[in-house]
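Here chain A shows up in two complexes: once beside chain B, once beside chain C.
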Partner chain A sequence: MKELYNTNEAADEAVISLEGVAFGYDPEHPILHDITLSVARGQWVSIVGPNGCGKSTLVKLLNALLPKSAGEIIISGQRLEEDTIGSIREGIGMVFQNPDNQFIGATVEEDILFGLEGQCLTYEEMDVRLKQYTEKLGISGLLSKHPGELSGGQKQRVAIASILAMKPGIVIFDEASSMLDEGSRNELLHILQGLRNEGYTILMITHDADEILASDRVLVLHGGSVAADLKPEELFLDQELLAKCHLREPYPWQLARELRRLGIETDVPASEKELIETLWPYNYSK
Partner chain B sequence: MNERLLLGRSIETGSWVHKLDARSKITGMLLYLAIILISHSWAAMGLLAVFSVTVMLSTRIPLKYFIKSAKPLRFLMLFIFIVQILSVKEGEAWLTFGSFSLYEGGLRLGAFSVIRMLFLVTFTSLLTFTTTPGKLNQGLEGMLSPFKRLGLKPDRLTMMIGLALRFIPTILDESQIILKAQASRGADLKELPLKEKGRMLVSLLVPVITSAFRRAQDLVYSMEARGFRMDAPRTRYHRLRWGTADTLFVIMFIIMGVAVAVL
Partner chain C sequence: MAIQLQQVSYTYADRSLWRQTALHDINLNIAKGSMVGIAGATGSGKSTLLQLFNGILKPSQGTVKVLDVTIQAGEKAPRLLPLRRRVGLVFQFPEQQMFEETVEKDLIFGPLNFGMSPEEAKMRARQAMTDMGLDLALLERNPFRLSGGQMRKAAIASVLAMDPEIIVLDEPTATLDPLSRAELIGLLERLCREQGRTIVIVTHRMDELLPYADQWALLKEGRMAFQGSGQELAADPDILESCGLSVPHSLRYWNAVARRFGLEGEKPCLTAESLAERIALLQAEGMRDRHE
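Presenting the complex of A and B:
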């Protein structure tokens, strides 16, 4: 089993902390109320919940893209206020849901450079990062392409590269892999595991079981507040909660549950491979 | 490649023109515009043609792309040609059909207008073909920077141009999709009476504008999330660098201008 919390020295220090935060696009009808949560440095947190429950809205409050109507937000020890917005934004990278609308440059290269130029990096530093992150995301061949010439998945890769190249300490992904194919999704998971090892804090809004399982912790957003805060394994054992979030457990888990119903006890499998190993003996005992 | 896709797109071949500073290319284009306007003889036109085609070929971009960029204007050019032939009655009459005569002057002026237009469009696409929008913007910003003292903000202007160039193709795409969606529901714009056509256009515009606003909002989020602040200092990855080649490029146009003026 993977380790649940990172053990580097800064562990347990909260980098994101919300206290009684509320927000509504229409002040009369708040869609988020009394959100209280805290995320430790280096933690990888999945945020789940049904469509329209306010996940995207919640993360936009963290870097003040939307103004909270109540409560307190503290990011890396800084209280979110008018004059800390700039430095807080610097520490948070955000990959948005729609890859079309977050493409700022007229070409892939310009898009990645947009954030780096704003950070006032030197030419040499920008050059290194441009190469490093386009290679990491497999888009080095697309540098001079216009967004209109890219597929949805390629645009998502560009968006991810643009954000990671800025090296924020906290990265937030809003369904950033919705258009990626199976292989690219696995690549992204690998990249994220690498980031976690480097000490990045990751928030990931997702509906994907594998992504949830790869994370350390799950926050369930429902009815405008945090309905549950638990480990991914616990989420997938809670049928009621799963139904609430419109989620389905991964296939090996479904199978294990059915087997348990038939009286065959298996450990909760982490992967298909583990499940096969559990089932193998039954093949012989028949 | 689709014609619409050519709007503001650069085509990378790594030729000497690609490597020039955007400022020299913009200056060259402005001079070229002046040269076109002062060409008044067949000899000047001929020289201009040889010059233009040579420069276009030297970019190593296939000529067909340049020709394609003039395609949307073909009917306008034909129209201007016909108007000139019908209205200008100078020089000797070459052919006469009943009351209509074809004059040498009309033919010449018509041809000149068409050639000028053709050169103008194909040759200015050389600027966008050989320069990425970012470099073009940066060049423009560099050329406008003396106006900073007058209170003008060239970086804001070029940021706006850049975003517009980035979004126009997307919005056109979207209009196409909405148009098709409406057609698939049985509304064929071409077959409708005028009044209905107007109503259809409004019902096309509303979703296009709403979604353009949503895009703009999302784009602002994206820019702010990447730390963008208006008028904040930025460094540049591509630096403007005026070299000998740039000076020669501009001199080339000046020589052409003198030659055309003499001819």
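Presenting the complex of A and C:
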């Protein structure tokens, strides 16, 4: 499917486009200013930056959960205005940091169906989606549970399933994997890779090096504007930028950098086995 | 012992059709003044376990001893209010529990409720701010005007202000940026090493706590799957996978190097910096050996 969007015509199709967008509670001290960017359909973009730099604010402007104070936002060809908010929101699914903030139903099943009912789907289609997405997120066994009976990570998976089941073209994750253990996080990355290949556009606010590495593009927010727009690999080679957005490289990158600092030239190892083989190629015993 | 659990089980909604046992037959010892990590996959019972530590939940079976208080299943619990001051619990997303107009009012709320005088409470609030590395000028601020990292630290300070001997934190670093995470773990370690407080951290990010924790407890489906030092855990990383946790990179790389050179008995080098230095040393030794 992905190839579909790599044809010249489609690759240029910006699904999200912002022009001179600003936001602030107080015009003297804007939280975001002069944000201009565009995201192509089928792209997976990481949004990074230190705590409090405006990442969550930025994504909330896209579906008017917060009102922009200046500039223009175009989503899937529609200009964001009073009378387009409704249809724009239908196309954007958002998963928040704290899953407690988005639980509506009294059980997991009701919670997931709530969004689907809102889309006026047939009962058959609702059943299909419920089954499909609860299986995908590994929560089919929790359907009759009350949110109070779930752990933080389980709630987060329910929140993700309930959004994905609505099949929005654009999915926004606001640190939605913060409570997942590494295993579940890797599963989520897998699911997202699948979605991207189906042509979903993904925006992901994250501090996680592995998540960033899995994405196509990184937007660095700093001081209320876009400080850099680059590929993940470029970010992890730029120590100054990493420090600026309070990030760290993935562990193998850290290790390679520390080794180079000590005069041991080595590439970033793909695995621990590769590191051993590169460092000690001869089989002499110690 | 700061905390001792003997054959503890906990069942939610015990007398209903929906009864669900979250913890089975848990034995756990946490020494005074130690730093302990509790890990497990999502839904393994971590958050349930820590609510037993100050009597929010009472054991369905077995005995929970915290400091000098004993809570036994089936028996009437002793007065728990003093214990709740001495054991500070920091829940997930603690900043969402802040409610006052200023950080200072939020911080003195707990101490005042536990009967401290306003002067003492204010003093404790200042001390807690300093311990959390926060500027005292923030005391006058509205808590909702702080950045995410500051808010999290202020929320932890509001528990610290009660001067607890044991501090239990549930996923304290979730959603913080990596720099703030490392900083917070560093601050918690100082509370442990310099002030002798017992620190218990529930986490699924073992890598950031591995270099600091004295002890680990791993939960699997409500049962205790492992209890021991980080070094013991490093020697047997398969146990992590059997608990549904993945082996952190730092541990995988250390083990590969340790196995290659028979360093299993050493204290593991679990940061990129320390491992790089150890590798440099190994290479220098290798050079020397070849010359001899």
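Everything below uses one rule, namely that the second predicted complex is superposed on the first by the 251 of 286 C-alpha atoms of A that agree within 3 Å, B and C clash if a C-alpha of one lies under 4 Å from a C-alpha of the other, contacts with A are read in each partner's own complex, and residues count from 1 in each chain.
Please note the rule applied: a residue touches a chain if its C-beta (ideal position, glycine included) is under 8 Å from a C-beta of that chain, and two chains touch if they have at least 3 such contacts.
The structure displayed is predicted, hence computed values, not measured ones.
When the shared chain is aligned, chain B comes close enough to touch A:Met166, but chain C does not.
In the superposed pair of complexes, A:Lys60 makes contact with chain B only, with no contact to chain C. By the touch criterion stated above, A:Thr122 is placed in contact with chain B alone, chain C being left untouched. When the shared chain is aligned, chain B and chain C each come close enough to touch A:Asn98. Once the two complexes are laid over each other on the shared chain, residue contacts for A:Asn186 go to chain C alone; chain B is not touched. By the touch criterion stated above, A:Glu149 is placed in contact with chain B and with chain C alike. Of the two partner chains placed around the shared chain by superposition, chain B is the only one that A:Ala106 touches, whereas chain C remains out of contact.
Of the residues of chain A, those at positions 98, 100, 149 touch chain B in one of the two structures and chain C in the other.
Interface of chain A with chain B (complex): residues 60, 63, 65, 86, 89-90, 92-94, 96, 98, 100-107, 109-110, 113-123, 126-127, 130, 144, 146-149, 162-163, 166.
Within the complex, the chain B residues that touch chain A are 5, 8-10, 12, 132-134, 162-163, 165-166, 169-170, 173, 214-215, 218-219, 221-229, 232-237, 239. Of all residues in chain C, those touching chain A in their complex are 12, 20, 41-44, 46-47, 92-93, 96, 147-150, 171, 174-181, 204-205, 207, 244-246, 248-250, 252-253, 255-257, 260-262, 272-273, 275-277, 279-280, 282-283, 285-286, 289-290.
The residues of chain A lying in touch with chain C in their complex are 50-52, 97-98, 100, 149-154, 156-157, 175, 178-184, 186, 207, 209, 243, 245-248, 250-252, 254-255, 257-259, 261-264, 272-273, 275-276, 279-280, 284, 286.
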